[in-house]
Structure formats: C-alpha cells, structure tokens
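By letter and in written order, the chains are A, B, C, D, E and F; residue numbering begins at 1 in each of them.
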Amino acid sequence: MDHGLSSIVYGQMDINMSDTFIQALQITALGMGLVFGAIILLWGMMSLLTAITADKDSFHASRGRASAASAPVMDGELKAQAAAVAVAIALAEQQTSLAHPLPDPPTAFVSAWQLGMRTRQMYQKGDSFRR
Amino acid sequence: MDLVSLLPELLKGILHFTWGNALMIAAALVLIYLAIYKEIEPVLLLPIGFGCLLANIPLAGMTAGEGMMAVLYNAGISTELFPLLIFVGVGAMIDFSPLLAQPRMALLGAAGQFGIFGTLLLAILIGFPLNEAASIGVIGAIDGPTSIFVATKLAPELLAPIAVAAYSYMSLIPIIQPPLMKLLTTKKERLIRMEYTPKPISKKTLAFFPVLLTLVVGLLVPEATPLISMLMLGNLLKVSGVVDRLSKSAQNEIINVATLFLGLTIGATMSAASFLNLATIKILGLGLLAFVLDTVAGLLFGKLMAVLSRYKINPLIGAAGISAFPMAGRLAAKVANDEDPDNFILMHAMGANTAGQLGSVIAGGILLAIVSKLI
Amino acid sequence: MDLVSLLPELLKGILHFTWGNALMIAAALVLIYLAIYKEIEPVLLLPIGFGCLLANIPLAGMTAGEGMMAVLYNAGISTELFPLLIFVGVGAMIDFSPLLAQPRMALLGAAGQFGIFGTLLLAILIGFPLNEAASIGVIGAIDGPTSIFVATKLAPELLAPIAVAAYSYMSLIPIIQPPLMKLLTTKKERLIRMEYTPKPISKKTLAFFPVLLTLVVGLLVPEATPLISMLMLGNLLKVSGVVDRLSKSAQNEIINVATLFLGLTIGATMSAASFLNLATIKILGLGLLAFVLDTVAGLLFGKLMAVLSRYKINPLIGAAGISAFPMAGRLAAKVANDEDPDNFILMHAMGANTAGQLGSVIAGGILLAIVSKLI
Amino acid sequence: MDHGLSSIVYGQMDINMSDTFIQALQITALGMGLVFGAIILLWGMMSLLTAITADKDSFHASRGRASAASAPVMDGELKAQAAAVAVAIALAEQQTSLAHPLPDPPTAFVSAWQLGMRTRQMYQKGDSFRR
Amino acid sequence: MDLVSLLPELLKGILHFTWGNALMIAAALVLIYLAIYKEIEPVLLLPIGFGCLLANIPLAGMTAGEGMMAVLYNAGISTELFPLLIFVGVGAMIDFSPLLAQPRMALLGAAGQFGIFGTLLLAILIGFPLNEAASIGVIGAIDGPTSIFVATKLAPELLAPIAVAAYSYMSLIPIIQPPLMKLLTTKKERLIRMEYTPKPISKKTLAFFPVLLTLVVGLLVPEATPLISMLMLGNLLKVSGVVDRLSKSAQNEIINVATLFLGLTIGATMSAASFLNLATIKILGLGLLAFVLDTVAGLLFGKLMAVLSRYKINPLIGAAGISAFPMAGRLAAKVANDEDPDNFILMHAMGANTAGQLGSVIAGGILLAIVSKLI
Amino acid sequence: MDHGLSSIVYGQMDINMSDTFIQALQITALGMGLVFGAIILLWGMMSLLTAITADKDSFHASRGRASAASAPVMDGELKAQAAAVAVAIALAEQQTSLAHPLPDPPTAFVSAWQLGMRTRQMYQKGDSFRR
C-alpha cells in the first residue's frame, strides 16, 4: 500500500514516474479541455433551448422581463431593513442546508430571492434605474 | 463439553480486539459526534460512523460472507445502485431554472473541476498508480455519488477513504472556503452587485432540459451516462409535474433508504485492517487539497469573468462552481452578503452551483473514459 | 499516451450512433411527450420513454452486464417481482363491492377476454410460433402486469413490444372504444337505465372474498396463482382494516418504486438492435386488434345480456369487461351519460370492470397452462 | 425474426401452419370455455358468499334495501341539474383517471354515485316509483 | 393437440390437492381469522396466514425455484435481512429512558430469559438434537426477529414452526400471563406501589447509550452484534434528532415492507409436506412452555427483588422482563392497576420490558455462540 | 423428523441422550450465568453513563428531582377519579398495542404516565409525603 516509496527508490522507476507524470499532465490538459468543451456546448444548448421556447412563450416572457426590469432599487434606510430580512432568511437556510445530499426543495431559495425582491419592491419609491 | 475450554472461546471478541480497532472506533465516535452535536452532514456521517463501528467489532461477521453489510455492499455498492438511486432523489430536488436563466454561469461549473485533475497530478507525483490517482482526484468532484461511482469502477479498494474524505470535507466547506474567498478576491470585487433579470423559464423548457442533457452528455461521454441520466430522471420526474407519486418516492423512500444503506456499507469498509495505512492518510491529505484547488480555480476563473464582463460579475460565485450542491451556492451568497448586507447574489451563485453539479458528473465521466482506456 | 489516437476513442459515443438509435430515441421522445403534455399514463410512459432513451445511447453500458438497467431487470423482471408487487398495490386500490353487489356482472368479465384468443389466432396465421403468439395474444388481457408476467414466461424476447403495446393502447382507450360502442349499440340500447339496488356488502364478505378467490382460482388455474394471489393480498390488506400500515405501504412505496423500476427496465429493453424489426411492427398491429376484439366481444355479449334481461341491462357496460381498470368502467358510464345526462350506470360498469380485471388474470393463467403444456 | 414469410414458402410448412391454426382454434375454444367456466363458478361463489353473510347482516341488509327501494326519480327540470352535477363529477374523474395502474382509491366512484343519488333524493318530490 | 388428454392436465391443481393441504389451509384461515376479527398481531399473522395459503395451493410454483416466495426467501430470510431491518424499525420506536432512569430494572430482563434454556433442556429430553433444541429454545426469547435470526443460523428446516409459535403465542400473552401472575404472587405483593422519581435523562445520554451498548454487547457477544446493532442503529436514528428523514424511513417504509415480506415468506414455508409432522406439534407445545417458563422465572425473580428491596418493588414487573415489547410491560401495569385502581407501575414495567428486549437479544447471541461451537 | 422415538430405542442412544442432557444442563448454567453477567455489566454501564452525564446536567436534574419529589398523593375520593382516567388510558393503549413489532411511538406511554401524574397533581391538596 506504500505507494510513495516504492517508485522513488530506483532511478529507473524515477524515469517511469516522470513518464507517468507527463501522461498525467496530458490527461489534465485533455480532461479540462473536454470539460470546458462540454460545458460550452451545454451553454450553447441552453441558450438555444431558452431562445426557442421563449419565442413561444413570448407573452409571458415579455411580461416577466417588464416586471423584472421595472424592479428598481430602494433608498438607504429601507435597504438596511430589507437586507436584514434577507440575511435572516439566508442564515436560516444555511443552518438547514448542511444535510447534503438531501437539500431542501430548491423552491426554498427561489422564494428566498423572491422575498428579497418583493421586500425591495414593497419599499421602492420610484427611484431611477441603477446600472 | 469442557466448559473451561469454552471460556476463552467466549472471550474471543475481546481477545481479537486490536489497537487498530480501538483507533477506528475512536474515529467512528468522532464521526457520530460531529453528526449529532455539530450537525455536520448527519444523514451521511451518522450511518458511516455507525458502519465503521460495526466493522471494528471483531468476529461480528457483518462485513464478510453472508453478513448484512456484505449483502448490502454486493447489492448496492458493487452494482452502483445506491449512488445512482441517490442521484434520482437529488435530481428531484434540484432546480435548474437559475442556470437556464443565465446560461453563461455554466462556465463556472467547468472551472470548478480543476481540483480533480490537479489532485490526480499530485497523487501521481507521490507515487499512486494511475487508476488510484484518478479515483483520488475525483474527490475533487465534491459530489458523493460521483466519487463513489468512479472509485468503484477504477479502484474499489480505496473506496472507504475516498468516500469518507468526500463527505467529511463537503461538510467542512463553510470552514474551508471563506478564507480562500477573502484571500483571492479584493473587497471591491466582493462588493460587485449583479442584476438578476432572468428570462422566465417555461415549464416546457424545464421538462425538455433534462431529456436533452441526458442525450447530449450521453452521446459525448458515454461513461457519464449512468450518473447524468439518473440525476436527470429525478429532475424530469419533478419538473414534468405529471408523476407526483414517483417524484415523491424519489425524494423520500428511494433516497432515504439508499442513503442509509450507502452510509452504513461505506462505513463498514473502514475496518482497521484495510483502512489504517499510509495510503489512507495520503488520500485524506490529497482530498483536502482537491477541495482547495477546486475553490481556487473557481475563484480565479470568477475573477477572469469579472474582468471580461467589466465588473458586472462578482468573482465570489466562482467558488460555487465546485459542486457541493447546495451548500457552496449559499455560502458564496452569504460571503457577499456579509461584506455588503444589501448585496444579493444567491440566484447567480445557485446557477453556478447547479452548473458545478453537472460539471462534476461530466468531469467524472471524462476521467473514467480516459483512464479506463489507459490502464 | 498518444493523445491523437485517444481522440477517436473520445468520440466513440457518436461514432457508434446508428440510424436505428436515432429512430428509437425519436420514439422515446414521443412517449415522453405523450406522458407529459397529453398526460397519457404518465407514471408508465415517462419511465418507459426514459428507459428507451438510455438503451439507445451507444456504449453507455447501462443495459448490459452489471449496468443499472440490467441489474434491475434481473432483480425484478426475470423474477416477475415488479409486476407482482404492482399487483399488490393495485389490489389495495380495487373495490370489489360493486361486483359483489351484482355478481352476474362477472359474466361480462369473461366475454371481454376474447381478444386474447382472437389475437392468438391471428398471430398464428401470420406465422408466429405458438409461444410468441400466445404472448402477443395476452396483450388482449389489457392489463400491464398480466401481459408482462405471461410474456416473461413464454417469450421474454418479445417483452418490450408487448409491454409497450399493452400500456400505450391502454392509454388510448378513450379514443379506441367510443366509436366501437356507437357502432355496435343502438341509441335505444345506450339509453337503457339500470336500477342499482345493491345488497349491502358486509365487511366480513369483503374480507373473505379475496381469500376465497385466491383459493378457488389457485386450485383451478395454478398458473394464475402468483397474479391473482398478489392482487388479492393487496385487497385483503385494505379491506381487512387491521393492517393500515401495510395497506398504505402497498398503495405507496411498494407500487411507486416497482412502477418506476418496471417502466425504466421495460423501456431499456427497447434498444434499436432488438426492437427495430418486422416482428415489432406486427406486434404493435396485433396489439391494437386485441383491444378492438376485446371491446367488440364485450359489447356483443352485453347486447346478448340486454336481450336476455328484457332490456334491463345496458350493453355499454360490456365494453367495461375488458379490464383496463378503472378507465374502461368510467368510459362506459360516460358514454351512457353523454347520450342521456340523467343515466347513471357507473356502479354497474365498475362491477363489469373489476370482473374484467379478474377475468384477465384467469385467462392469462389458463393460456399459460395450455401453452406451457403444448410447447 | 420475420415469422410471416418463413412458414408460407413451402407447401409442407403451409400444412404445418394449418395444423398449428387448428391447434390454435382448439386453444381458443378450450380457453374461452374455461374462462367462462371459471367466471360462472365465481358468480356462483359470490352469490353464495353474499347470501350466507347477508343472513347474518339481515338487519342492515333490509334497511339498506328499503332506502334503496324508496329512492324515486325526480321530475324533469331537476333531473337536468342533478345530471349536470354528475357529469361534472364524471368528467373530473375521467381526467384524473388516466394514471393506471395507479387509480384513485375506489371510494371515489362510490361516492360519486352516492352524490348522484343524494342529488336525486334531495330534489325528489314524492313521485311514484319508476320501473 | 388432444383436448381430451389435456383435461386432466387442466384439473391438475385439484388432483394434486392433499388432505394435508386442506388441513394447512384450514390453519391459514384460522390465522387470518385471528388477525382480522380478533386483531391478534394482524401485521404478522395476516401475511403469515396468506403465505401459508399460497404454500398449499398445489403446483402454484410460488415457493420453489424462481417463484416469488422463493425469491423473497433467498433475498431476505437466508440473508437475515428482513429480521434485521425490522429491528432497525423497532429500535426507532423504543424509548430506553424508563430503563436508563432505573438501571436496576435491567436484572429482570436477565431472569426473563430462563425459558430459553429451560425449553432447550426439555427439547433435548424429548430427543431433539442440540442445534434444533437450541432453535426451539429461542422461542423463549419472545421476540420474533431474534427467534428467526437464531433459527436461520442453527436449524433453518424448523424456521416455520418456530416463527409461527413465536408470533402466535406472543399474541396470546394477555391470555397466558395473567393466570400465572395471580398464581405466583400474593395480593399483598400485587398491591405494592412503586415510587417513580426518575433521574432526568439528557439527550446526550440517550444518544450515547445505543452506541455504547452496541460496542459493549458486540465485544462480549460477537454473535449478537447483527441483532443488537440494528436495534441500536434504529434507536440512534431516532434519539439523535438530527436525521429525521432516516428515522421516519426506518419507522415506516423499511419496517413495513420487511414485515410484509417476512410474514409472507415465513408463511410460505408452511407447506403440508414440510410442516405437518410430529416435530411441529412438539415445537408448538415446547414453545408454549417457553412462554410459561419465562413468565414464571421473571415473576420468581421479581419476588426475590421484592424481598431484597423490603417490598419496594412490585414483583409483577418481573413478568414484563420476558421481552414481548411492549405488550408484556403494559400487561403487568394493567394487572397491578386492576388490583388497585390507584397503583401505577407502568414506567417500571416498561423499564423491565425494554431490559427484556435487550436480554433476549443477548441471550440469543450467547446461545448461538455456545451451540455453534459445540455442533 | 420423529426425533422423540429414534433416540430412546437403544440403550446406547439413551446414554448418549443422557450425555447430551448433561451438556444441555451445562449450557443452561453457562448461558444464564453469562446473560446475568452481561446484564449486570449493562446495569453498571447505565449507572455510570447516567451518573457522568447527570453531573453535566445537574441543573436540570435537580430541578427534575424536586418536582418529582414534591408530587404527593391525593386523597381518597379524587384517587378514584384519577384512577378511572388512568385505567381508561391503559385499556385504550392495550387495545392498540397488539400489533407488535409495530408498537406506537413510545412517547405514548410516557405521556400516559405523565397524564396520570398530572391528574394526581391537579387534584392534590397539600397532603404530606407518603413513604
């Protein structure tokens, strides 16, 4: 089981290890390349998928965008209150979230975010867009 | 019957007890303690700890022959049924809409896999043969079922330390990641706010996504098919909305029973005789490194994206790309929020986090494909 | 390592992809589409479709050797465990009181099995050997577990098309039956109202019925014992009223898990190599015919009973005798109700429908007995 | 796998097929006969079973019969209303009923029928029996 | 095909029916009747009765080869998986705090095991070989899973009568024990009231207890490890309070499914050919004796403790030390309460009862250790 | 299978049986001794365990003891009422308790006992301790 020593003792083994290391470097290059390749393909696929289905759901989509775009920021004092709410939620979630691989139904974070956004909107006072 | 000759026989349990058993039982007690009193991944650490206890009671016969742990191991680990069934349940709990709403977040899920290959390199350097080095590297997938699946195929003899490292460090993520996040990002970077103006994702998209993903990943990386397909099956059961019964089964009885049995049997491979050796210590060290490398690579890639996007992207979400769903995502959001109580990046972090889950499975499959060919 | 020589290896998935795979994947997508968007038998068509997808991803290795689908197939299909466990759950959901209240309805459950034998005749005519013809005929049982059970015993190589035909057409019953009902019955017949003055069925009768039925059918048709006994076991768990825990288990975790795994594994037998051939097309055609023959025989027998009862019996309930519990029963009631909004024959139709369920199992057992002896 | 052709090519095979077909006809006759035989036996068994247990439950039985017998029909206008209710129920059930082999608990149809009957009784106005 | 020659073939079920089958079916009907109408242990007697029914339908093929009952037997009885999984569920339902609050109650759990050894002696006397006598003796554990576990190891051919005796008499405890209680205790003894001023048991103690017990019993009696560890695992899942999912799974799907399958398969071993013999009758007689001996030993030891404690201990709680959790504990409390409506000894009786549960498992393991060495 | 006869027929077998019986007696002595030994060890272990953890929970422990110690008995008339409640509970439990190995969650008996105690305390009128 002592892998560390057996392959260093002899010079020849050292050369072999060097070969193995070069092979491992090649695996790394190839592996990371393929991972990025696959993920980029996925990116394209997802963009295409949402683009295609968005056309068919354009009514909902535009409505959704509108409401999202019109969500402005709130002013200083209220920000703090909203943030306090959001942080409390985040912390509460953090505590219950340790039990991977049995996470809460992911609606939990969606609604946490929505709650944060709603809190913002509730307090909003017609400020201009921040960008 | 000679009763006197029977007595030593009756003390055989204690007579066969070794210092190694004592050490492993101490380790088991630590795992159980962490599970109960620190609430660290209790659904896994508690069964693993208890299984470890059982494996170190001499002559109990539970881990050999027709013993219960051996039966469960053959039924669910050798066949990879337990990790795959867990994935069906996990899939039924994942929500891919944050990722679908911001597809470019997927890139972070690729960067967060560097730990797999970096650790493989290091493991080769300190002398592990390729199959074992790859299995150790896959701790860097930071995803239990993927680690177990790949290790079972490439180096089943190392399954116990690999699984223990994967699950233990996963539970320590709130301790491992924040220092790295603060070290590698500037305060200015951590303060970056991100717009969340998502394209609304239709039910049709949500249902088509797992099917398409199974097909594309399956065709490109056949070795990843079992993992990705079971994850996507669970997700499809949920998002389809028409098989509520099956979705609930996946999220409850299937994942619960598989998790309990997986934990017990993984723990039961931790007998002193097979666990207590230098390789285990090396693996535990390399596993920690894998977590660090993943986080570092994710953060650096996050910084790159921040620059390329003219600081529209907060690099902290890079740390969520390592997988460890859903803790890593929540942690990144929390660190940003701690810096500026008004900064909400949870949805972006969850996008990167689910991408990390996919990236982990894909990277595991690619590693399996390459290494299977070479050994 | 020669990286260049590795590249084709890394594209092996795509290189091994055939037109057959593409066709089967298209079929899988259709099944998944029907399940999600048309809500046609989603608990079965969704897993079957997903299993078919998996079976046609080249080199994924899930359906061979130690692959997950092969493991599940050996565990639950070869042993017939999955269909039998589904029957335990179905039994716990059936209510036999409409049948016990009007025992003569049982006759309709016999007539509705003609499709089994009629289809066997046709299959023999177009050249199938006896064992295969009988397996195809049993699609006419119009009951998934019975079809799978008999086909596994007589012609396991035809399991995939038979199961797919059985479940797909079952979901198309609301399209297949009404035209036949209108064609074969006069408006006057469809307007017949039926008295429902049931003898009240005591709890004792309800509990004794499944036990007695198991015994009588078991002694007469030993081959039908596994099916009938598991159906009756589930029913006994429910009606006994004393084992609520077991009854709920049967109606939930047992049937849900068995259904998910059965669907996946049946789907996973639909690889292009074994599914795409002339026999499959013939089976799909014969299966449709089996449904038509069942319905026609049931309706004609219903008309006979109408005449013999001096038009006290609405012949539409004959169409409910084909099994396909509980859709066929509800459909017959609905057609009568559409004709005359004041005509309620649901309880009579459900009596015929549960009788059809029993008749299907008995006919399946008889067919198995005769054909096992002859081949 | 092409079963259709292989057995028609030769005359001898044709004769064999004819034999097989006669055998299949015999299976059909025997099979349907046995199915009817078994079901008739079942019919008798069920009649006997309910007859035996009915004696012991005679009080409930007679009461049950009485209430069923006294359920008269309602007049035209109200029929339509009751039917509307019942059809709505039937349609609602139809929609949820597609998921065989996982049907709703069968109490659903019992109660649907009972609801129909109750609707009738509710609207009844002392009409004579229809028979 | 010669149809006339087929007819006897079609009546083969009835032609193979024996008087033995009729007798066993009558026995099955009695078990089912007791389960449904007397509500005696219905979750076990109903499946056992139904399994017995199936085993005596000639040529049904469910108990041989690849039949469903044979498949379940090999999967869950040969491997001892079903009794151990039932113990996980039972453990998750046991509360050890009454015992931890009054540790001396543990002694009663030792006395209540005398029936095991007394019955072994009697079984040897009437000629059973040692392995069979020990298996029969373990009926005196008065605990289903322990009896099945030991019998499977030592004399699997006697499993059916042993399991039937264990569960049937367990259900008859309210009839067997009270006369013995009144015969062996004086009215004055039964009127003894007991203080219940328990030390409060911390959550930490409750969680550490099952772990410690597994270790101590496992080291002392390795043969008892499977049973005790699964009982303690279930308990740990509950008392730890951090794995609610797993605890609920243990208390529901795991125990329900294992109980249903165990009952069915045990019942299915009761075929006339293997069950109807003199040995079965002897075993049923010896089993009853085991229950009596346990109760007598428990009561006598209770009287001894009453004397030693200067009548601070009510000897009735000795009868609760036989195991049969939780009925025996409740029964002892009820008998005291019937004598004096103001006398509450339930918590003390439950302490003795849980001690009896532990004592039964320990005694089973010790018996297994000694006898395995000698045969 | 007829174990009873086969071993009594011959004298030699009888002797063997006698040997076997002595062996069985030894097993009984050894077995019961070990069972008692193991249980006594358990007793000690439990005492130690509760003693160790009680130190750390001393506050709760003393509080718990105080309340338990202060639970006095009630006078005659009320005893009967309380007993009636407790017996009703015990009987109700007895009926639902037959389904071993699927007992009710054990909290059931704890709360039954607590209910009995609470009933006592409710009716208590400052009587002296009974001992």
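Note that contacts are C-beta pairs under 8 Å (C-beta built on N, C-alpha and C of every residue); 3 or more make two chains touch, one makes a residue touch a chain.
Small disclaimer: the values here were computed from a predicted structure and weren't measured.
S.K.: Which rotation angle, from 0 to 180°, best lines up the CA atoms of subunit A with subunit D, given as a multiple of 5?
M.R.: It is a rotation of 120 degrees, to the nearest 5.
S.K.: Pick same or different for copies subunit B and subunit E, depending on whether their interface residues overlap by over half.
M.R.: different
S.K.: Which chain's C-alpha centroid is most distant from that of subunit B?
M.R.: D
S.K.: Centre to centre, by mean C-alpha position, how many angstrom separate subunit B and subunit F?
M.R.: 45
S.K.: Please compute the C-alpha centroid of subunit C, do the same for subunit F, then give the distance between them in whole Å.
M.R.: That gives a centre separation of 53 Å.
S.K.: How big is the gap, in whole Å, between where the Cα atoms of subunit B centre and where those of subunit C centre?
M.R.: It comes to 41 Å between the two C-alpha centres.
S.K.: Which residues of subunit F are in contact with two or more other chains?
M.R.: Touching at least two other chains: 23, 27, 30, 34, 102.
S.K.: Among the residues of subunit C, which are close enough to touch at least two other chains?
M.R.: In subunit C, residues 1, 6, 10, 39, 42-43, 220-221, 245, 253, 256, 259, 370, 374 touch at least two other chains, as defined above.
S.K.: Going by the contact rule set out above, which residues of subunit C touch subunit E in the complex?
M.R.: Contacts found on subunit C: 78-81, 84, 207, 211, 214-215, 218-223, 225-226, 229-230, 233, 236-237, 240-243, 245-246, 248-250, 253-254, 369-370, 373-374.
S.K.: If you look only at subunit E, which of its residues touch subunit F in the complex?
M.R.: Per the stated touch rule, the residues are 39-44, 86, 89-90, 93-95, 97-101, 103-104, 106-107, 109-110, 113-114, 116-118, 120-121, 124-130, 132-134, 144-145, 170-171, 174, 196-202, 204-205, 208-209, 212-213, 216-217, 220-221, 251, 255-256, 259, 277-279, 282, 324-327, 329-331, 333-334, 337, 341-342, 344, 346-347, 350, 355, 358-359, 362-363, 366-367, 370-371, 374.
S.K.: Which positions of subunit C touch subunit B when the two form their complex?
M.R.: Touching subunit B: residues 1, 6, 9-10, 12-14, 17, 25, 29, 32, 35-36, 39, 42-43, 46-47, 50, 53-54, 57-62, 66-68, 71, 252-253, 256-257, 259-260, 264 of subunit C.
S.K.: Under the touch definition given earlier, write down the residues of subunit F that touch subunit E in their complex.
M.R.: Its residues touching subunit E are 1-8, 17, 20-21, 23-25, 27-28, 30-32, 34-36, 38-43, 45-47, 49-50, 53-54, 56-57, 60-61, 64-65, 68-69, 79-80, 82-84, 86-87, 90-91, 93-94, 97-107, 109-110, 112-113, 116.
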